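Below: a set of structures, written as structure tokens.
Two complexes, one shared chain (chain A), two partners (chain B, chain C).
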Partner chain A sequence: MKKVISFPNFGNYYIPLKTFLSKITKCKVITAPKNTKKTLELGSKYSPDFVCLPFKYTLGNYLESIECGANVLVQAGGGCRYGYYGEIQDKILKDLDYDITFINLMENGSFSLIKFYKSAKRLNPNLSFINFIHNVLITLTAFICMDKMDHYVRANSKYEINKGTLNKIKSRFLDFIPNNFSIIKMIRLYKRNKQDMKFNIDKKINKSTIKIGLIGELFSLIEKSSSYNIEEYLMNRGIEVKRYTDITYLLIGKRFNERKILNKSKRYAKYKLGADSSDNIAHAIELAELGFDGIIHLKPFSCSPEINTVPILQRVSEDYDIPVLFLTFDSQYAKGAVDTRIEAFIDMLIMRKENNLNEERILSRS
Partner chain B sequence: MKIGIPRALFFHKYGYLWKSFFDYLEVPYIVSPKTNKLILEKGKKYATDETCIPCKIYLGHIDYLKNKCDIVLVPRYLGNEKLRIECIKFNSIYDVVKNTFKNLKTIEYNIDYTTRKFEKQEFIRLGNQLGFKLKDAVNAYKYAKEKYEKRRKDLFKKQEMKSSIINKRKILILSHPYNTFDEIIGIPVINILKKYNVELIYSNLYYEQMDNSKKYSETLYWNSSKEILNALDYYKNKVDGIIILTAFPCGNDCLVNELILRSVKDKPVVNIVIDELNSEAGLITRLESFIDIIDERSEKYEESY
Partner chain C sequence: MKKEYYLGVDIGSISTKGVIIDNMNNIIADDYLWTEGNPIEAVKKLINSLYKQAGDVNIVGVGTTGSARYLIGKILNATVIKNEITAHAIGTMSLIPDVKTIIEIGGQDSKIILIDKGIVIDYAMNTICAAGTGAFLSSQAKRLGVNIEDFGEIALKSKNCPKLSARCSVFAESDLVHKLQMGYKKEDVIRGLCNAIVSNYLNNVAKGKRIKPKIVFQGGVSKNIGVKKAFEEQLGEEVITIDKGHLMGALGIALIAKKSDSRINFDFNIKDYNFKTVGMECNGCANNCEIVSVYKNDEIIDQYGNKCERGIYNR
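Moving on, here comes the complex of A and B:
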């Protein structure tokens, strides 16, 4: 039987991942259909009752891609209980009587690159370790370039001369990634597109808009369909958005920043809180210090690490005088309710800012 | 100085160890009463609305203790080994308590393999924090640990006797100690079962000799879930039915329950999820029908011979 590989949706990262997997395994790779309501319903049907949203979405992705002909499924892991997803999803799919090979990249409680290599070698016996590492490095470069570009778009979309140009350039960049799959070409492509972006913005457009920081659980932040595209919604309103969590941060940044993060969150948390909790607290403090107007905290229902951060973030909010909106997502689909809450939050922030400015003016006059 | 010990979470596992430790050092302590509705209400007031009930109850107990003692014992557990870590809520309960109750005085110890903090040295640190000399603290720990281990072995032996009784229905209760022995979560279920002349076997009284959890799961890394799987492996063939007791919304349990439900196929299993809005009538109906299923099965079993 011909092997067809598939993996769950995770933001835009499927583009380099697809090329990467097809390069190292020489098999056909298909991406799971885009996350829709159907995906979620399919996933929740076979999931345990109160498991968190990412489990339901990824299981739905697997079921949909099996329908499309995939028979080798890949699952990674890390952090909280995400590391244990693979085994249970494997069991659920096997109990549903699907003839599939499930590759779980977790070993001894952490993500293992060597296990990845071994499973890739089983699919493609000609794969050499150097070739594998080479491709891993290219993929990492692609991730870094994509994240840097995302970061740039989030910070500068309010200066656009014509609305929507930055996103257009970004999607063009994403389309070109598979054809430029080498380190030098990737960097060159990135630089070219970034130059293009610089021509399309005008920093003199002085828009005194508000700034909002997005923190929270990684899946809701990166796979935007699971959190009703809040980021796009804010950017369309001309708001500057800052988000720390992306794949570069999770793979590389987190390891190097650990001490800094712990130092920053020390005032509120004596110990490391597990998963991304300490990071989120440190980021909330940093956002407050950078003069952001508000913070939105996203999490799927029953996400234990983020629930732990809620009482601490409330203290941060109190001490630094910065409003925090807590949003929880589950399989119930109610976009209207979320939009209303965000809109009210934005209005509140704008009014707060105006009030503060007025007060300053009065103070300076007297 | 009076130490307050909340009767929740860690207490049901390590309470005896703490008590004997403080007894040896002759430090006065009070243990909060068994969980009641008032404590749960207070806990609900303080906790984030999405946390699990054991955590809400824990905060309720701390609220009860906060004016009745000088200092409250709030430990933090990460785990002794890399692949046997505790639930993520245990990692952060200390900081959650600290941030919820602003002026609460706490005493703590921290068990964390990543920074090489293990039980013995942390108990000695606990003794030092209370103002005792190194020697006293070491002796107290040794005394407490010995007593604790002996009690665990005794309880296990007692349970062995129970599990070898032949002409009685035996049901295995799979749950974390802080669920089984809590007055709001586990005790109602146990009380109902006891009325039906059932011998109960508790997974948390099993004294672990060997780690057999690999048979069920290769990548599992939670300590208390591994304990449950080990107990399941040991008692599986000695009991007539299995009850999985879960508190809503336990993150680890919802995955591990799925594993147990899918891997135990020759015994009746029921998964009972308990949340703060529990009605006794619903519980009685489910447990009664479960016992009926067990009886039916054993009769069929006898007929077939």
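Moving on, here comes the complex of A and C:
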């Protein structure tokens, strides 16, 4: 039987991942259909009801990929329940009598590159370790370039001369990634598109719009379809958005920032809280210090690390006088309720900002 | 020049509220009626009643708020469509300028709004639980065979109050049945229910928020004096209810409409038009968006609910 590989949706990262997997395994790689209501329905149908939302989405992705002909499925993991996804999803799919090979990249609770290499070698016996590492490095470069570009778009979309140009340039960049799959070409491509973006913004417009920081659980932040595209919604309203969590941060930044993070969140949590909790506390403090107007904290229903962060963030909110909006996403959540909350939050931030400006004006006059 | 007036409409899940204010923010007409699951009919009735009270005044700004704000906003051709949190805060502050905390419990949601120096500094809305407090109360009133309007009065009669489980309305309900079967008096159970609602609110919605006086309690449930008493007992502070507390959302949105720049010529004949909504499922992709089309005298005026451009404007 011909091997067809598939993996769950995770933001735009499927683009380099697809090329990467096809380069190292020489098999056909298909991407899961985009997340829709049907994905979630399928996933929820076969998941335990109280499991966190990403589990349901990724299981739905697998089921839809299998429908499209996939028979080798890949799952990664993280520091929370995410670490057990692979094993449980493997079992659920086997119980459903699907004839699939499940590649779980977790070993003893952490992501293992060696295991990844061995699994890939089983699919492609000609794969050399050097070749594997080379492709890993290219993929990492692609991730870093994508994240840097995303970061730039979030910070500068409010300065756009014509609405939507930055996103257009970004999607063009994404389209070119598979054909420029080498480190040098990738960096060149990135630089060219970034330059293009710089020509399309004007820093003189929209200077005083509000700034919102997005923190919380990684899947809700990166796979935006699971959190009603809040990021786009904010950017479309001309709001500057800052988000720390992206794949570069999770794979690289987090490892080097551990000390700094613990130091920053020391006042509230002495020890590491697991998953991204300590990071989120530190980032909330940093956002407050950077003069952001508000913070939106996203989490899927029953995400225990982020539930731990909520009471601490409430303290941070009080101590640093920065409003925090907490949003929880579940398979049973109504969009109307989310819209009302965000709209009210933005209104409140604008009112606060105007009031602060007025007070400053009065103070400077007297 | 003709005097200018502003209309504010707040369409909640249970009730529909409307006010007309003049330039000096005086309410010249107001009404409050049940939505009964049909927001369009309710608004038509509301406009009719406001027309009877105010006469054919020159309305130049229209605002809508509440859960049906988009639909009604399209029908009334509103100049502003805003969420109810902002509207409630602005409405209440116009009557009680030094308010610090607004407790709002309505039919489907509960919220807390914290205000400092005349601006909203923080708010919270019920998350997954504590929803449907008003709806829950009225269904329990039915179970107990009392009028929802008398609920509070009956609660005040009670001298000894059983503790009802407040974690969740499902548990509260089964606990309530259990207490009744154990032989507790009806008024005691009703008071216990009022207390349970308040502790649920304080533990869910108001969790981690600093509640400072002056505290204003509004929304449909604020008409229930038993709940108000329970709030005062548990907070140890005076809780104010405003006579027109139920109109605060409508008043707030009318004030926002007044402040905004856009102006229209409002036509009272809207009450005679024939409005129709058609809900359909777009089968363009697996999202199956539920698209609602709004017709005015068989002419399409708006469609919404779609996530993408596909599926819109095809009847």
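Criterion: the second predicted complex is superposed on the first by the 363 of 366 C-alpha atoms of A that agree within 3 Å, B and C clash if a C-alpha of one lies under 4 Å from a C-alpha of the other, contacts with A are read in each partner's own complex, and residues count from 1 in each chain.
Criterion: contacts are C-beta pairs under 8 Å (C-beta built on N, C-alpha and C of every residue); 3 or more make two chains touch, one makes a residue touch a chain.
Not measured: the values here are computed from a predicted model.
In the superposition on chain A, contact of A:M348 is made with chain C only, not with chain B.
Contact with neither chain B nor chain C is seen for A:L40 once the two complexes are overlaid on the shared chain.
When the two complexes are overlaid on their common chain A, residue A:T328 makes contact with chain B and with chain C alike.
Once the two complexes are laid over each other on the shared chain, residue contacts for A:I230 go to neither chain B nor chain C. Applying the stated contact rule after C-alpha superposition, one finds that A:T340 touches chain C and leaves chain B untouched. By the document's definition of touching, neither partner reaches A:V153: not chain B, not chain C.
Comparing chain B with chain C, more residues of chain A are touched by B. Using the contact criterion defined above for the overlaid structures, shared-chain residue A:F301 touches chain B and also reaches chain C.
Once the two complexes are overlaid on the shared chain, A:P311 sits against chain B and chain C alike. Contact with chain B, but none with chain C, is seen for A:L273 once the two complexes are overlaid on the shared chain. Annotation: chain A residues 301, 311, 314, 328 touch chain B in one complex and chain C in the other. Against chain B, in their complex, chain A makes its touches with residues 48-52, 77, 80-81, 83-88, 91-92, 95, 104, 106-109, 268-275, 277, 301-305, 307-308, 310-312, 314-315, 328.
Of all the residues in chain C, the ones that touch chain A in their complex are 67, 82-86, 109, 117-123, 125, 127-128, 207-208, 210, 285-288. Partner chain A is touched in their complex by these residues of chain B: 47-48, 50-51, 76, 78, 82-83, 85, 87-89, 91-92, 94-96, 98-100, 110, 112, 114, 217-222, 248-252, 254-255, 257-259, 262, 273.
On chain A, the positions that touch chain C within their shared complex are 33, 36-39, 301, 311, 314, 317-318, 323, 326, 328, 330, 336-337, 339-341, 343-345, 347-348, 351-352, 355.
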